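Next come two complexes, and both contain chain A; in the first it sits with chain B, in the second with chain C.
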Partner chain A sequence: MVGTEVLNMEKGKSAEQLAKEQREVSVSEFFERNRHLLGYDNPTKALLTVVKELVDNSLDSAEDHRVLPRIWVVAKPKGVDRFKIMVKDNGPGMIDKQIPLAFGKLLYGSRFYKLMMTRGQQGLGASGAILYSQLTTGKPTTIISSTADGKTSFYELMIDIKTNKPEIISHQVINDGKIWHGLKIEMEIEGKYIRGERSVLEYLKETAITNPYADITFQGPDGKIEFKRGANKLPKLPKEIKPHPYGIELGILKRMLNITRAKSLLSFLTNDFSRVGKTSAKQICKVSGLNPNLDPHKIENHEAEKLFRAMKKVKLLRPPTDCLSPLEEDLLLKGLQKEINAEFFAAVTRPPSVYRGNPFQVECGIAYGGEIAPEGSVKIMRFSNKVPLLYQSGDCAITKAVATTDWSRYGLKQSKNSVPVGPAIILVHFASVWVPFISESKQALAAYPAIMKEIKLALQELGRKLSHYLAGKRRREYHIKRKKIFERYIPVVAESLSHMTKVNEEKIKIKLEKIAEEKTGVVNEQGDSEEINQSSTQNSE
Partner chain B sequence: MVGTEVLNMEKGKSAEQLAKEQREVSVSEFFERNRHLLGYDNPTKALLTVVKELVDNSLDSAEDHRVLPRIWVVAKPKGVDRFKIMVKDNGPGMIDKQIPLAFGKLLYGSRFYKLMMTRGQQGLGASGAILYSQLTTGKPTTIISSTADGKTSFYELMIDIKTNKPEIISHQVINDGKIWHGLKIEMEIEGKYIRGERSVLEYLKETAITNPYADITFQGPDGKIEFKRGANKLPKLPKEIKPHPYGIELGILKRMLNITRAKSLLSFLTNDFSRVGKTSAKQICKVSGLNPNLDPHKIENHEAEKLFRAMKKVKLLRPPTDCLSPLEEDLLLKGLQKEINAEFFAAVTRPPSVYRGNPFQVECGIAYGGEIAPEGSVKIMRFSNKVPLLYQSGDCAITKAVATTDWSRYGLKQSKNSVPVGPAIILVHFASVWVPFISESKQALAAYPAIMKEIKLALQELGRKLSHYLAGKRRREYHIKRKKIFERYIPVVAESLSHMTKVNEEKIKIKLEKIAEEKTGVVNEQGDSEEINQSSTQNSE
Partner chain C sequence: MSKETQKKLINLAHKIVNEINHGVDPYLEIPIRSLTNVKWNEKDGLLRLGEKKSKRYFFNVAYARKFMQTLLIADFCKDLIEENIHTSIRDMYYNLKRTLPDTKENTFETQDESNPIIVDLETNLDTLRENLHLLADRKGIVAGNVKIKDRGDLIDWSKLGSGGWSIPSVVEDIKFVKVNAKFVLVIEKNAGFERLHEDKFWQKYNCILIGTGGQPARGTRRLIRRLNQEFKLPVYVLTDNDAYGVYIYSVIKSGSMALAHASEQLGTPSAKFIGLTPSDVKKYGLEKFTIKATDRDIKRAKELLNYPWFQNKEWQREIKLMIKTKRKAEIEALSARGLKFITETYLPEKLKKKEFLP
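Moving on, here comes the complex of A and B:
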């Protein structure tokens, strides 16, 4: 290292030259160049991503405002690989001065800091779409909003890439006296419209299933398609929670110590965390060997580390789960029933559970038979916080859990560790305050053991319901067949008996029919006449 | 949208409340929470990522400075799942005032803006590692550097997460009179040390192969391991290039128009792009219908769009390729030979090619036989800009190209569309100014058709070299076997002939041995004695 290395003939750069070349990269520049990180890898995925980000925002804001969502989506072709996208909602709207920051700046939003179950998390959704729009078409995005105050705001916005700040192209507030609330966004993008899997239509259909209380209208290249509301109640509003000691990292703990308003370590522990009461707080102090009266702002690095270790050792209650807002069985069933034409539906909602200090909840549903194609693998619909996941299916904990559940026990054909085969759609919804996606594009869940376990338990419960239905169905079919055989011979038998006994043939027929009815039994639609079923199953052996 | 929706019983949030909750998220906060985006998913991968980022930086800076890299790496266990990592290099060092920004701020660096082939690209490498260190251990990172000016800088740095700015814990410049240049970084992290695939050792070994002019010493839990320099020349210094019209997007073009120093559209086109001469520039203006004398700063949106379309239509030369710095066959062979014990080596470097306006070049190498395990699939070593890719192998264009090449033609066993089987290591190096990774963690290449084609062509050329060697080897083996059979019977034949002819047995033996020698031929090591081979192959039929 003392300059004795063999130098090459070419002239190298000095530390001074290299220093001069360094500069800051704005977040916008970073994501502009790395737009695949936000889901803008190619025109097909980009069109889906834009619609998804805008619709997810609309659903979040309507739910925040506690109104039943009503959403309009338009995708209008504008020449080769160009689309005008419009999304309009009935959310609370946005106050005029907030609009530029909320849409014209990346990494700006309200959800990043909250431990709460929402669709958006990072403040990159709508602004990312605007970034993509201006990158591919050079045009500004139009935003129109009102908060039911008789005024309407109009903006044309772009993002100043070098500074990551909004660039207002035009702005007007019109005192039109119209009382409405909501937001309308319109942008032009480079995009490709496809049908089938991973399409905008598939995304909207699956969204309609897990948001059955929303009314969605889509006007696209294939005409107008409506996803009508199928339920008139919203799921409960999720609550924001404080971090749980089991879920935080040392760096975060140190920052929390720095910025807390608490005056003592004891009150820091009880105020700034969930599930830490006075007793547990004292115990944490004891295990860590720190004085409960210490000023948290004066805790040094090595002390913070002791505190951190103690927090993981002391036994605490699991985090509260009112931060979660599952659909529950009723809404799940309504969602499935309104969008899928099947003969049987079932749904399961598991109790909340925890991974790495984060509460989560799994629910699942199944639609079987009817118009669902009987050939090929079962279709899996994956959701996180009510948002459909359309990409990276193979890498997702949900797909893995479906494949490693033994469906042959529940009446579906399956090769070992593969997705089962048959006329069914299996839906799995993962709800959490912090969804462990395997990558930035938010399309697949990481297969943490705690998560895999919960998904599999939910699927097994679902499997039992399916199996019960299928057993009933088989029995019904068997009995109908058996009854038909009886009935086929009744006239012949009646005639012979009448000959032998001289009893009226018609009378014998009626009696025989009555016996057939009794013996072959009519199983009701629910397949729950256990006694008859059992005996008939035994008879058939 | 006129407030007629059914409201839920719970009270919703107003636009004002929602506005108050919004705020900016700093880049540091974003990556702290989404650290998996930077490769810090779990302690095992994190240990590898830290070493990789620091070593890649060291190699880049030594090459910039045109010195043969000399790198020391230490990974010292510090309790359960804790490691102290140290990386020291002989690069140019960093000037004192530059150190805090270069390491204490995310998205800061010199490489983001350059179209040039380098390992680092985003300014997230070392600062990302420091972020991870402080998140998991709460400790600052130590940086020591000198630029051969007789002074040494010492820093203890952290990153202020809320502002994404360096937080200087301590700082000293010592006038020690020592003349040395280089940089030393030391940090403590949460990490797990593993052996085998995807380990630090595997990363360093593969790095030693594609950087054979580097000297790397690793002091880890298994003791000291040295990767000695195997070549004394650096690859040529890659040049920075201007963007090629085929590779840019409309949004970027608009920004370039805005900030250009050119006074006319014509000079903008010729000065700010590569491969646009006066003739092509005039043609672009003509096709777009724009006046070549237009002030680029005054070009409006619809005009920029016309210009953009015209740029893609006019026929232009491919971008220059001196921005690439491939290893070339000689260095590739040296790298393979110094780290792998095999009986045969070959390497191929393809001419440069282009995807989406970005120049790229593919080279590959093979090591066969010797100490390489003969069972199981061939090992594939993947590299981009000389950096080993250890994760996401299945998703990578390189793996796909290897699997879809027909290796049975070249002497390796293979099931259709699978990685071939046999005692071989196949290395593929992808060099480009902009590597199309499929995701942020920079571990797999996107399978663009142009890229797949080039990799497959390189592999086919490599396959022919292997096939030639294996054919020679088979012939040699056949001849040795044949010669042995001859030799086995010579004594018996000699004895019988001696009996019959009364000629001295020893004489006959010598003559027979000479004939055997001539007829079964000794093929030389290169397997290139075509005539003998061919005749013997025919004889054997």
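Moving on, here comes the complex of A and C:
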């Protein structure tokens, strides 16, 4: 159970606290034993995971710093199943002494014990990659960073698995006078490069869609590929929020009780949770039968359980939703348009909603026609907090929502409860401070009813936009077809009439074409009503 | 007549050009030729076209093609009249058939497409195809003591050997020089015609013998009417004993739905039916030589029962007998009683006793 314990702590726990509470070795050891849970099951997936963790970090840091992200990614083959991976960003960089802690220690990060809509939600990302690198190649990772202070830090790091502490192989600070900010991380790993559906390239392409304000350059085995920036606007900065009592789990509550600075249960409830005021806090205490003045650090397990149950019973306001930072329709459209060659695009952003006390927001987009292959199932692009999800598609709430939406009424072919067929790409973005993944590899969303409902509502709205477009397209095609019919016969009619009346043929033709233009230019739904429906006999006598 | 038709064609073209010049969707007005607009006139015993018309607009996907085709034919006929030449409707079809530029579409795909357009034009202009210088496919032969002049040639219908005179599609300009006959006998089948011709039936009984070869062509129907109207000759019709035979008689007598606009030129309301009737089968002991009627025959016979001109006790009795016995018989069934039975016994007896159906 060590593993689950550790992973449950992802939400709201500082590394220091963690270290106190647990044997520190457990983290790194756990990783070593369970790397498949973290996306390092095989060399193919591992290569993708390393790139993904590093790029996600880079995007987060640039966005935090409010600069338009500029990211370089290099994957250079180094013999059989071996790659050198380099990721560089234009984020704020990291101060020299923080670097070993940030990268040389698992579950250390700036994101513990706060809920915020960010890509990486726990401190396993980059350090996990470093650990994987050293496990498979035995080599240290190079980190170079500057915070625009004229100095550049160079580190070669490894992680001491027994102690979960950084092991500095080499360290240098050079006063080179260069003013730049950002971070460059370079490591060698065991990996396999593939093309297609679950490749690094696909991940970067999808990332480019939901991060259209980022400029991404990829130098891979197939050459250099650039994903150019398509928008110069960052989404609003997500706000941190405190956990809401409805969204909390017992384990986390126990740990929060342990580490809180509050001196009484009452102030613990009002200070460490959102939407809990004095009245609600008193009510929680009353329902749980606990004294509001109890020292939270001294609450016993069975008391914590009572508290836990009481928290769910008391009526509270829904958590604030301004902590979310969706892309919004405009950026979503820009992302789709710049990476996909299609004839029609649409995007829908739903208002924020709440599942189990966690605010979340769903948005989706569609690209239709153009160069998208008309055969086969519609491609579904899944995202959580702007990060593409490439694995476990079948288990994901997004895929289930797409399959259980009736697309036939919106103009796509579909057999019952399966992904529709047609020249379309459907994108769904799930944004939340706490993404409910079904497993630790963070590739599929859990299908909570509230989440399914929101995704389906978003898809239906998207479907309506698609069907509106398709109806218009059919109408336009009908009118073009109609016009073509007239245009085909006009020369014959003009010739016959001119021959009979001696009126200039060209003149008749031009007049007829003008009428054709008027008759077919405007959309006239009843264009072809019959004066009298006649059925003339076809007998030849 | 043709000159008048030519004028109508040109006027139609001017009407359309005028509409086009005013930026109006041009149209053709065509009387409707379906049950809803064709009625039997009890007074003259003919099928007549009613007043209902449909407007075929060019800028209507359903009619654009027909509109184009109508003008093609109109233009073609104007030239025919101008140059005073005639051509068959088949020849016209081939003349006008061509592929529209940059398409796989032809002006006409089959003759079935051009034939009804001719009727459209006839009805629109209130004229006949003869006046458009179009000739229907010719069918039908005639023999008898008659001399005529056709395009200046003197033709004696009694001296044309075994073949008889082939009736042209336009008989309007034929001049009758001498007509020596007491009645006209119309036979549905050319084989029957040949039998009677060989037996010199027309000579013995002083009549004009006409073979229609199935449903009579316009020229044949017009000729029957002219002989009936101009020389007051009674017309007797001999067909197979089946629904189709009765229908042929009906067309000769009252006209057809499709050509209702021309009934006055083509119908002979005073025509009588000589045979073969269902009751003849029993009377002449032909039961063994009958054929089982098909479901379609019976269905058709039931329709005949409702025709207004068959609303008399004789026809009702005969058609009901046809439906009841579910049998039909060809004219040739009479040969069971000897090859010359038809000429020596059957017809003479019928004529003598005036055993006709109205």
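Just so we're on the same page, the second predicted complex is superposed on the first by the 426 of 541 C-alpha atoms of A that agree within 3 Å, B and C clash if a C-alpha of one lies under 4 Å from a C-alpha of the other, contacts with A are read in each partner's own complex, and residues count from 1 in each chain.
Rule of thumb we're sticking to: contacts are C-beta pairs under 8 Å (C-beta built on N, C-alpha and C of every residue); 3 or more make two chains touch, one makes a residue touch a chain.
Note that the coordinates shown come from a computational prediction; the quantities given were computed from them, not determined experimentally.
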item	value
First, second, both or neither for A:I225, with chain B first and chain C second	neither
Partner chain in contact with A:V287 - chain B first, chain C second, else both or neither	neither
First, second, both or neither for A:R482, with chain B first and chain C second	second
Winner by number of chain A residues touched, once chain B and chain C are compared	B
Touched partner set for A:A262, first chain B, second chain C, both or neither	neither
Contacts of A:L37 with chain B and chain C, given as first, second, both or neither	first
Touched partner set for A:K254, first chain B, second chain C, both or neither	first
Partner chain(s) touched by A:Q134 [first = chain B, second = chain C, both, neither]	first
Chain A positions touched by chain B in one structure and by chain C in the second	none
Chain A-facing residues of chain C, complex	9-10, 13-14, 16-17, 20-21, 23-25, 30, 32-34, 52-55, 57-62, 64-65, 67-68, 71-72, 74-75, 78, 89, 100-101, 103, 105, 107, 111-112, 115-116, 119-120, 136, 215, 217-218, 256-259
Contacting residues of chain A [partner chain C, same complex]	482, 485-486, 488-489, 491-493, 495-497, 499-501, 503, 508, 511-512, 514-516, 518-519, 527-528, 530-532, 534-541
Interfacial residue positions of chain B with respect to chain A in the complex	1-3, 5-8, 10-16, 18-19, 21-27, 29-30, 32-34, 36-37, 61, 64-68, 70, 88, 90, 92-95, 98, 101-102, 105, 107-110, 112-113, 122-123, 134-139, 147-148, 161, 179-182, 232-234, 236-237, 249-255, 301, 304-305, 308, 438-441
